[in-house]
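As written, the chain order gives the labels A, B and C, with residue 1 at the start of each chain.
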Amino acid sequence: MRRYRIPFLPLVVLVFAIATAMPTLTSNPTLREELFLVFMLVTLASSINIIMGYTGYVSFGHIVFFGLGGYFAFYLMQVQGWHFLAALIAGAIPSALIALVIGIPILRLRGAYFALATVGINEAMRVVFNNWEEFGGAVGMFFNFSVYARYGGASQARDLGYYSMAAVAISTIAASYWIKRSKFGLSLMAIREDQDVAMVVGIDPSRAKVAAYVISAVFPAMAGAAFFFRNGLIEPGHAFELQRSIESLVMVVLGGIGTVAGPIVGAAVYEWLRGFLITNPTLASFQLSLAGLLLLVVVLFVTAGLVGWLRNRFPVLRSYIP
Amino acid sequence: MRTRIGAVALAVLGLVAAACGGGSTATPTASTAASGGATTQPAVTKTLNIGFTNSQTGAQQVASTKQTEGIKLWVDQVTKAGGIKLKDGTVLMPKITFYDDGSATDRVQQLYTKLINDDKVDFLLSPYSSGLVKAAAVVSEQNGKVMVTAGGADDATMEQGFQNIYQVYTPASKYLTGAIDLMLKLDPTIKKVAIVNEKDSFSVSVVAAAKPYAESKGLQVVVNQGYDTGTTDFAPFINQIVAAAPDAIIGGGHLVDGSALAKALKEKNVSARFVALLVAPPEPTFADLGDAAQFIVGPSQWEPAVKYSEAGAKALNIPYYGIAVDAFTSAYRAMFNAAPSYHSAGGYAAGLVLQKALEDAGSTDPAKVKAALDKTDIMTFFGHIKFSTDQKTHGKQVAHDMVYVQWLKGSDGKLATQIVWPPEAKTADAQLRK
Amino acid sequence: MSLEALVPSAIDGLMLGFVYGLAAMGLTLIFGVMKVINLSHGPVIALGMFVVYTLFTGPLGVNPYLGIAAALVIGLVFGVVEYLIAVDRVINAPELTTLLATFSVNLMIIGVATSTFTTTPRAVDVSLGSVTAGNITVLGTHAVAVAVAIVVAILLYALLFRTRIGKSIRAVANNRAAAELMGIDSRRMLALSFGIGTSLAMVSGALLSTLFPFNPLSGAGYEVKSFVIVVLGGLGNPTGALLGGIVIGLLEGVTTVFIPVSWVPVLEYVIFIAILLLRPSGLLGSRA
């Protein structure tokens, strides 16, 4: 149980709370849109960090849970008429169950095989939903606008989605923090370092890995529910977008894999960079290339990511930034 | 050393920047400025800000560019005429702001949010293609902005209870029903039909109406398959079609897949007496397919040879508004050095509809403009335009009709489109495919 | 659903399978030699398409089939350069690092390609007629694509099993440390293998450009298909990859007769996951 010199979690919650309130305080709707995206990315990056950073399993197709959560929540709201908040929580349950069911067999695989298997799962889900008429098939689902009336109108619904995403982001970070500080987190990191030795020491790797996988599946599911609620429409191509999954990996590596602050920093920097590049007229077409270049530089030279590098360079920071 | 400090600075900057970033000043692609004519107007001149996205890249590029050209022609003509003159003497000069959506749905949503919040546009026009129009409609409705759509025929979008969206195109459900009528008139012995369509909301809407209609006419649907958007390999579908030996084939989706399907049908020597495809055949570039294009029928929202006129308007007891058909075609040719397609006409028509509504409303107040749009019932070069005011289908197009074209070899041996249906609009007789 | 469509469909699928197999061979070779999953595989395939397109529509109007030869050479050079810049430094690092390194190249290629060519679909119009027998129509372009794929595969085998360089590559794949002890410059062999793998992917893309329309993002679908094929045939096993490609192509051709075409990928992914869980070494056994 590591003791940190500053109350990290309350600080993060405070920073997030201020950030969340900023758009209303400064009457800046564009900021709200950007922050919404940043919160979503923080959630995705943080959850991937739990399975990848702590446990060492590279979940390439992790976005599948984002899509599953989005679809189940959307279905509950559109077809069954549930309230958004109820659907948000409930949508995460099937996702967690699916994570449990597929996690058990595929977590037995190592390294590259596991990564490929997660890609297979994501693509398989995408094609299944593409053909499943109950969920809209290839055309997807889309809200009858009267659905928003329940929340007091479209803009109130939008704000509700925004605050929920902020809440989901904070809970993901909190979970990530508590795991890192706990004995459970220690067992995960032991598995990451050397699974066989971990078994010798008495850790049951399959239980720990599956638990980590399920936990890491819950938060993207909730983020998916909030995201698609805001969008008003969901399609298989966007729900299970492999590119987005890989982008979350990039954010984790950029920020610092295995740290709590890393995904936050990585997500913020990545989104800021992307936003800046997209709207800059000369650079917009090179946005992806520059992102790739940045990633290559980080991977080749700053492998521990920004936060990781900081912690390595200034060991005293280790007790300040988990 | 510097790079390390740079890395730290970047991290701190990142979090701070993300928290107070916002309000990015992007440069829009192009906007025709209100150059306010040299006329001596004692009245107030205001800029009418209109925003939309178009697909300068991506699968919808060709058609979307045509639609944008139509919009630009409208702006040009209004500007040259001195602006939109309201009853109280105010003159509105249209100024368009548009961005490239890359044919991607999430870009559409982000960009429309930007148009509304940052560029603070007064009214919106739509992107091209039903999928993108749907995404734009959601954002528009969420923010209470009035949007006149061209390029979006999908029925489902207009049945969601939107109150601020107005559809200029004939809905998808009417696309192929006329083709089936044409087919049965041309050859009543046709019995077996194969339906192969793209699985996107537009094509699915078309088929959802066409299939029951075909069956109600006694036809037997022997193949009914959908293909994913972006499919390039049509061999599996062709094989199924060949095995089922239908007399006719209908379906398709948009330009690229429609063209690929037509090409594959020719390459594999599929013998069907009647082939009707969506979107692709009316597009002038369809001729690039050469022999594969011959005899293919396509539904079109508008063709240069249509006969909408003042006389027709009088017969229906409604006013004729705006430019005449021939004038539109020649003005378009003069400005863009190419023939207009129905996408171009749709873009122009959307602007025209907005113009009439503004004139009727006498102001740019959204509520008044909406009321004016609800009352719209006019004949234009594009055809008869009227919107549904029913709560559930508010804004859906209820008066506009499709025409059907077929690629035929003229007496000079060159391929060209002829209007073959409905009978009162046709310029040539339809022929069976050989 | 009709058996009449079975034979032509199977033949179509089989022919495409050869082209898929060629691309998969490139991917599996790289994995077999250096345990790296090349995430730039997809964009490289798309690059192959654009090499042919640029040469064909450019001022020289180069015949697409000559363009394929150009793609082979360009692929080799590109692969070697990519290895030296992006992969060499982290060759011994854990998988995630090499995955992200190759993915960064993926992003860079797509970024440059989309800004140069935009995502507007392109096509290389080449028509070589067709041969019809009954209800089977074989297109000339497809037949030539199969022929080229087979020739390139044979060349690869000749290289790997009949030349000294091939032997060195196989030695490095087998045991890098021991190969170095035997005096083989492993870095050079790794770069060369990466180059060959990239070259195969590019040639596959070049062949595909003569068959279907494409844009810079078209590689993604073929990349995932390559993953499936590589796992099916056994990671690291080139013969397995070619056979896996043929199997998948045949599978696609046959199943489309019985089930709706959009369900076929579900079947492929189910097989993919099943193989990973039940027989990870693939049908022919992996050489990894």
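As a convention for this text, a residue touches a chain if its C-beta (ideal position, glycine included) is under 8 Å from a C-beta of that chain, and two chains touch if they have at least 3 such contacts.
From a predicted model like this one, the values you see are computed outputs, not experimental measurements.
*Asks:* Kindly list the shared contact partners of subunit A and subunit B, in label order.
*Replies:* A chain counts here if it touches both subunit A and subunit B, which gives C.
*Asks:* Looking at chain pairs B-C and A-C, which one is connected by more C-beta pairs in contact?
*Replies:* Pair with the higher count of C-beta contacts: A-C.
*Asks:* Please report how many Å separate the Cα centroid of subunit A from that of subunit B, as a whole number.
*Replies:* 37
*Asks:* Could you please state the distance in Å, as a whole number, between where the Cα atoms of subunit B are centred and where those of subunit C are centred?
*Replies:* Each chain reduced to its C-alpha mean, subunit B and subunit C end up 39 Å apart.
*Asks:* For subunit A and subunit C, what's the span in angstrom between their mean Cα positions?
*Replies:* 32
*Asks:* Going by the contact rule already set, what residues in subunit B reach two or more other chains?
*Replies:* Correct list: 199, 226, 228.
*Asks:* So which bits of subunit C are touching at least two other chains?
*Replies:* Residue numbers touching two or more other chains: 114, 260, 262.
*Asks:* Note the residues in subunit A that touch 2 or more other chains, in rising order.
*Replies:* Residues 130, 138.
*Asks:* Which residues of subunit C touch subunit A in the complex?
*Replies:* Going by the criterion above, the answer is residues 31, 35, 37, 86, 89-90, 93, 95-97, 99-101, 103-112, 114-115, 220, 224, 227-228, 231, 235, 260, 262-263, 265-266, 269-270, 272-273, 276-277, 280.
*Asks:* Please name which positions on subunit C make contact with subunit B in the complex.
*Replies:* My answer: residues 2, 4-5, 8-9, 12, 16, 114, 118-121, 127, 130, 132, 135, 137, 139, 211-215, 218, 252-253, 256-257, 260-262.
*Asks:* Show which residues of subunit B lie in contact with subunit A when the two form their complex.
*Replies:* It comes out as residues 4, 7-8, 10-11, 14-15, 17-27, 105-106, 109-110, 113-114, 117-118, 134-135, 138, 141-144, 156, 160-163, 199-201, 204, 226, 228-229.
*Asks:* Applying the document's contact rule, which stretches of subunit B touch subunit C when the two form their complex?
*Replies:* On the subunit B side, the touching residues are 56-59, 61-62, 102-103, 199, 225-228, 232-233, 235-237, 239-240, 242-244, 256, 260, 267-269.
*Asks:* Please give the residue numbers of subunit A that touch subunit B in the complex, ascending.
*Replies:* It comes out as residues 15, 18-19, 22-23, 28-31, 33-35, 38, 130, 137-139, 142-146, 148, 154-155, 157-158, 231-233, 235, 237-238, 255, 264-265, 268-269, 271-273, 275-276, 278-281, 302, 306-307, 309-310, 313.
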